[in-house]
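Below you'll find the structures, each written out as structure tokens.
Look for chain A in each of the two complexes below; its partner is chain B in the first and chain C in the second.
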Partner chain A sequence: MYQSIIYKEWIKTGKLVILASVIFVGVIMYSFISVKQILRLNGSVNIWEAVIMKDLPLLSTLKWLPVLVAILLALAQFVPEMQNKRLKLTLHLPLPETLIMITMLGFGIAVLLFIYAVTYVVLLPGLGIWFAPEIVQLSFYASLPWFISGLLAYTLTTWICLEPVWRQRIINIAVSIACLSLFFVGTRSGGYNSFIPYLFGFTILSMLFPFYSVSRFKEGVQ
Partner chain B sequence: MDAIIECENITHYYGTTLIYENLNFEVRQGKILGLLGKNGTGKTTIINILNGYLKPRSGICRIFGEKMENLTPGVKSRIGLLLEGHIQHTYFNVQQIERYYSRFFPNWKKEAYYELLKKLKVSPTQKINTMSCGQRSQVALGLLFAQDPELLIMDDFSMGLDPGYRRLFVEYLKEFAADGTKTIFLTSHIIQDMELLIDDCIIMDYGKILLHQPTSHIIENFRRFRFSADRDSMAPDERFWHTERIGNTWETYSFATLEEVTSILSGQGAHDIREEKLSLEDAFIGLTGKY
Partner chain C sequence: MKIIKNYTYWFLLLFFTVIGAWIIPFLVKKITVEPERYPFLYYSSVVKELCIIDYKDKEAPVREINGKAYTTIAQADSVLPLFKYRQLLSEGRMPDSINGVEITPQKIRAKSVVYRFSPSVISTPQPGLYIMYESMPKRVGLVSPGDVFRLKDVIEFIDIESNTVNLEKSELFRQALQKEGFQFPAQWVNGNMNPRKPYDEGYFVLDVKGQLFHLKMVNGRPFVRNTHVGSKVAVAWFDMLEVPDKRFYGFLYDQTGNIYIIGNESGKYDLLQLGIEPLNLKKDQLSILGNMLYWTITVTTEKGRDYYGLEMETLKRLSEYHVAKTHDLWEKSASWLFPFYLTFEDNSSDYLYPRLHKTGINGFIINIILALLLIAAPKRSTKRKIQSGIWVLVFGLPGILATLLVPVEK
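Presenting the complex of A and B:
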């Protein structure tokens, strides 16, 4: 039965997931081409120096992509559920409502984790061809908040979509923008390192927010 | 017969507007009960309360003995739900939606769904969001028949349907309920259709139930009486409903017999009293008023 819910989520989001994957592949290729080009034009020594001494970012093209894809995925999954209150049909299925929601959220999070993980698996060893492991590690930590923010953007967008009252939705949007902006404070690479566990913890906690929206939906709050 | 649906003392407000106060009713097994009321009397509200999608200010509803806000998966599998406007997951196509629902219900009758859809001349790969309202209604009905639930709850099933599709819907529902084991609770704002279908009828007014009676009792006993009287007003009487003057003629509605009505009204100067049989729609208007 849970496979059926996953099937439904795939029908809603399949085209978007494929498009997002293509975009990520494009951005990864662009990142490689771009790095190779600056190395060719400026020489490895100068670029290594710029990365180490002047904090030249290597993965800045990826900055907004995880958040953007996460928001679109959440919208594709949950806007159709709220149109004409179709969520009533979903919650009427003969399964525990909490498990239905966990399956739907789990699908979205699994898709994002898969795309993000594949991106890292390709990108980081690729950078290792031209840069020392320490520089690759630095790039990983510099980009990690962007990917964690993608997961947070997904749960917050779900929280907003499932909220039944527009006035409360607007408050949720404001809170979400404030939360997400924490992940994009301008700082030097590694500036977030000590903060990452807290960001990750908050992201895990935020997975409960959509359940609050569903409980309001169930109560018929207007 | 067991009560499949029980509602006790339901009181609900939207803001400060009272929708019901101490609403009580039950639906017994094998009955087709129609909930009739003007717009805004809370027909959809009661469906939402019943299914646990709205928490009333006070009171409790039970379906198959379980409280509405905590229906277990076992009970949900015994209930077929049709939302107002035949809402379904329209991003599926005809085949996909059948495949999706079939996994949830052990007694799924695939052939019942496709039997109904054969009449629609739609391809198995046609998306539901490209269908007309009538076609979507048949998809929704086909899915309910395939589920084969013990209880069908249908909110305004006739909404958006042309007369042909409405009649088709009613005929299929009658067939579905023919063996007497299925219970149907439905609302509709087109009352002609209900007359062909429902055993019992609840007529709602703002804030309360006006009447809960077998449909046959209403059709056989509720009458319109037209009469002449040289007066500007008639004395109020609880046996009469919506007495009003239209031009030179008066009309009133009542469950009383012609003899009783004649005896009451003659004392007020009424003459030429004529009794008229009513359809359910006319009876509804007589009970709830035109305005």
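Presenting the complex of A and C:
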């Protein structure tokens, strides 16, 4: 049954997942080309000094991509469920509702984690060819909030999609935007270091939110 | 699902409350905050007193802190010859000497000190890589060395072009540090990496034992000295300032917030304490405007602003003045609207994390009123009213918004 649910999720999101993967590959390649270009035009010494002294960002092209892909993935997964109240049928599958929801959410989070992890696995060692580990680490810390915000955006969008009442959806959207804005405050690279454990912990707990919406949906709240 | 829902309701309530406790005060502050208005003071070398300077005040552009006013611009400029020397020079009114000390524009510039300290200088993420310039370059101006170094558990120079460790240079510096008694790992490394400075004095490094070492590169060779400053005071921080006359290396802060200069004369690294009250290195801001006779120091604290006039040679306090902080509309509003509120950013740090600010107990009056209103409102069960009432009593305005915006479980 789990495989069937996962297959159903793949049918809904497969094209988007492939497209998102292609976009991520493109952005990774662009990041490498961009870094190589600034090194070639300005010289390695100037760029290293700019990173050390002026906190020049190396991965800024990635900034909005994780959150954008996460929102689109959640929409692709859960908007069809809410059309004509198809979620009712899903919840009637011969499995506990909680497990059905966990499987659906788990699918989305696994896809995002896979894409994000592959991005880091390619990008960070790639930067390590030209830069010292300290600079690579700095880029990692600078970009980590953007990737965590992607995971949070996914759970919040799911929460919003599954909410049955439009008025409540708008309230949830406003609160979600305020919350996500915390991940994009302009500060020095590494400025989020002591905040990341809070953000990560909250992201994990926010996986409970969609269950609240589903519960309201089941109760027939209009 | 029911159990999850019950827990999630309270978690959602907390989430909405936290967002409210941050965003509502944030918006109120945007609307009500006013700039801090403190006067500008400068120690006059003529009247030997701190003077309040406000050239917009046509009746008294300069006023001594004891109240004596100088009513014309010409008088005002004359009282502050080392501050307004360019104006006085252009008018041909610059004195040849002050207090028996010969004054020339070159001397004024050479002895000029401009320095600022903010806690965010300490509370900021560091990349952990530093640039070591040649301190005795053969040509004028500092040239990028083509490598950077890391100094924590070891010292390593990394060649930028090849992105590899220069083993020979690293070993040379490691041996020099250890020969001078440096104990790894380093606690911090401080220097001025900006190449646009008159000369280079390298770095001051605090080792694991609290000893402060001076490290620089002279003719391609390591120069390492134990300043022995760590034996005299508990070193907290050091800020390098390459002043034109090379009188000192920079400003040293000890653990209790006292400030010293480290002398750059005869290689002794003598400490000279500034005659001001200790700083809170996590909150207070400091600025120094020094001339060839006196230094004017401004310290901004949570209580207001303290001004000091110091004698330049001894750095002893000659005069002081305090301006108490005035509470603006934001602070007045906040004290009534919220007993506490949340921020994630702060001027005193480059790090983001949740910070809880207490404003006082006045805000609880609003909380009590809101809680009573909620309890009196219809359409809720008694149990729910009591729960929500307690929530609003504690969290106030963000709490009541959260209870109204989070859909209630059935």
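What we mean here is this: the second predicted complex is superposed on the first by the 222 of 222 C-alpha atoms of A that agree within 3 Å, B and C clash if a C-alpha of one lies under 4 Å from a C-alpha of the other, contacts with A are read in each partner's own complex, and residues count from 1 in each chain.
The definition used in the following text is that contacts are C-beta pairs under 8 Å (C-beta built on N, C-alpha and C of every residue); 3 or more make two chains touch, one makes a residue touch a chain.
Keep in mind that what you see is a predicted model, and the values were worked out from it rather than measured.
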(request) Evaluate whether chain B and chain C can sit on chain A together after superposition, giving fit or clash. (result) fit
(request) Once the two structures are overlaid on A, work out the angle chain B-chain A-chain C from the Cα centres, in steps of 10 degrees. (result) 140
(request) Please work out whether A:L95 is in contact with chain B alone, chain C alone, both, or neither, and reply first, second, both or neither. (result) first
(message) After the superposition on A, what does A:I204 contact: first (chain B), second (chain C), both or neither?
(response) neither
(message) Once chain A of both complexes is superposed, is A:V121 in touch with chain B (first), chain C (second), both, or neither?
(response) neither
(request) Please tell me which partner, chain B or chain C, touches more residues of chain A. (result) C
(message) According to the stated criteria, A:L113 is in contact with first (chain B), second (chain C), both, or neither; which is it?
(response) neither
(request) Once the structures are superposed on A, label A:V22 by its partner contacts, choosing first (chain B), second (chain C), both or neither. (result) neither
(request) Would you check which partner chain A:E219 touches, where first means chain B only, second means chain C only, and both and neither mean what they say? (result) both
(message) In the overlaid three-chain picture, which partner chain does A:C179 touch, first (chain B) or second (chain C), both, or neither?
(response) second
(request) Return first, second, both or neither, reflecting whether A:K12 touches chain B, chain C, both chains, or no partner chain. (result) first
(message) Just to confirm the value: shortest Cα separation between chain B and chain C in the superposed three-chain model, in whole Å.
(response) 9
(request) Using the superposition on A, tell me which residues of chain A are in contact with chain B and, in the other complex, with chain C. (result) 218-219
(request) Name, in rising order, each residue of chain A that touches chain B in their complex. (result) 1, 3-4, 7-8, 11-12, 80, 84-86, 88-89, 91-96, 217-220, 222
(request) Spell out the part of chain C that touches chain A in their complex, as residue ranges. (result) 1-2, 4-5, 7-9, 11-12, 15-16, 19, 22-23, 124-131, 144, 146, 148, 150, 158, 160-161, 163, 193-194, 344-345, 350-354, 405, 407, 409-410
(message) Give the list of chain B residues in touch with chain A in this complex.
(response) 14, 48, 51-55, 69, 73-74, 76-77, 79, 81, 83, 85, 87-92, 96, 99-101, 103-105
(request) Give every residue of chain A touching chain C within the complex, in rising order. (result) 44-46, 48-49, 51-53, 97-98, 129-132, 134-135, 138, 141, 165, 168, 171, 175, 178-179, 182, 185, 187-195, 198, 202, 205-206, 208-209, 211-212, 214-216, 218-219, 221
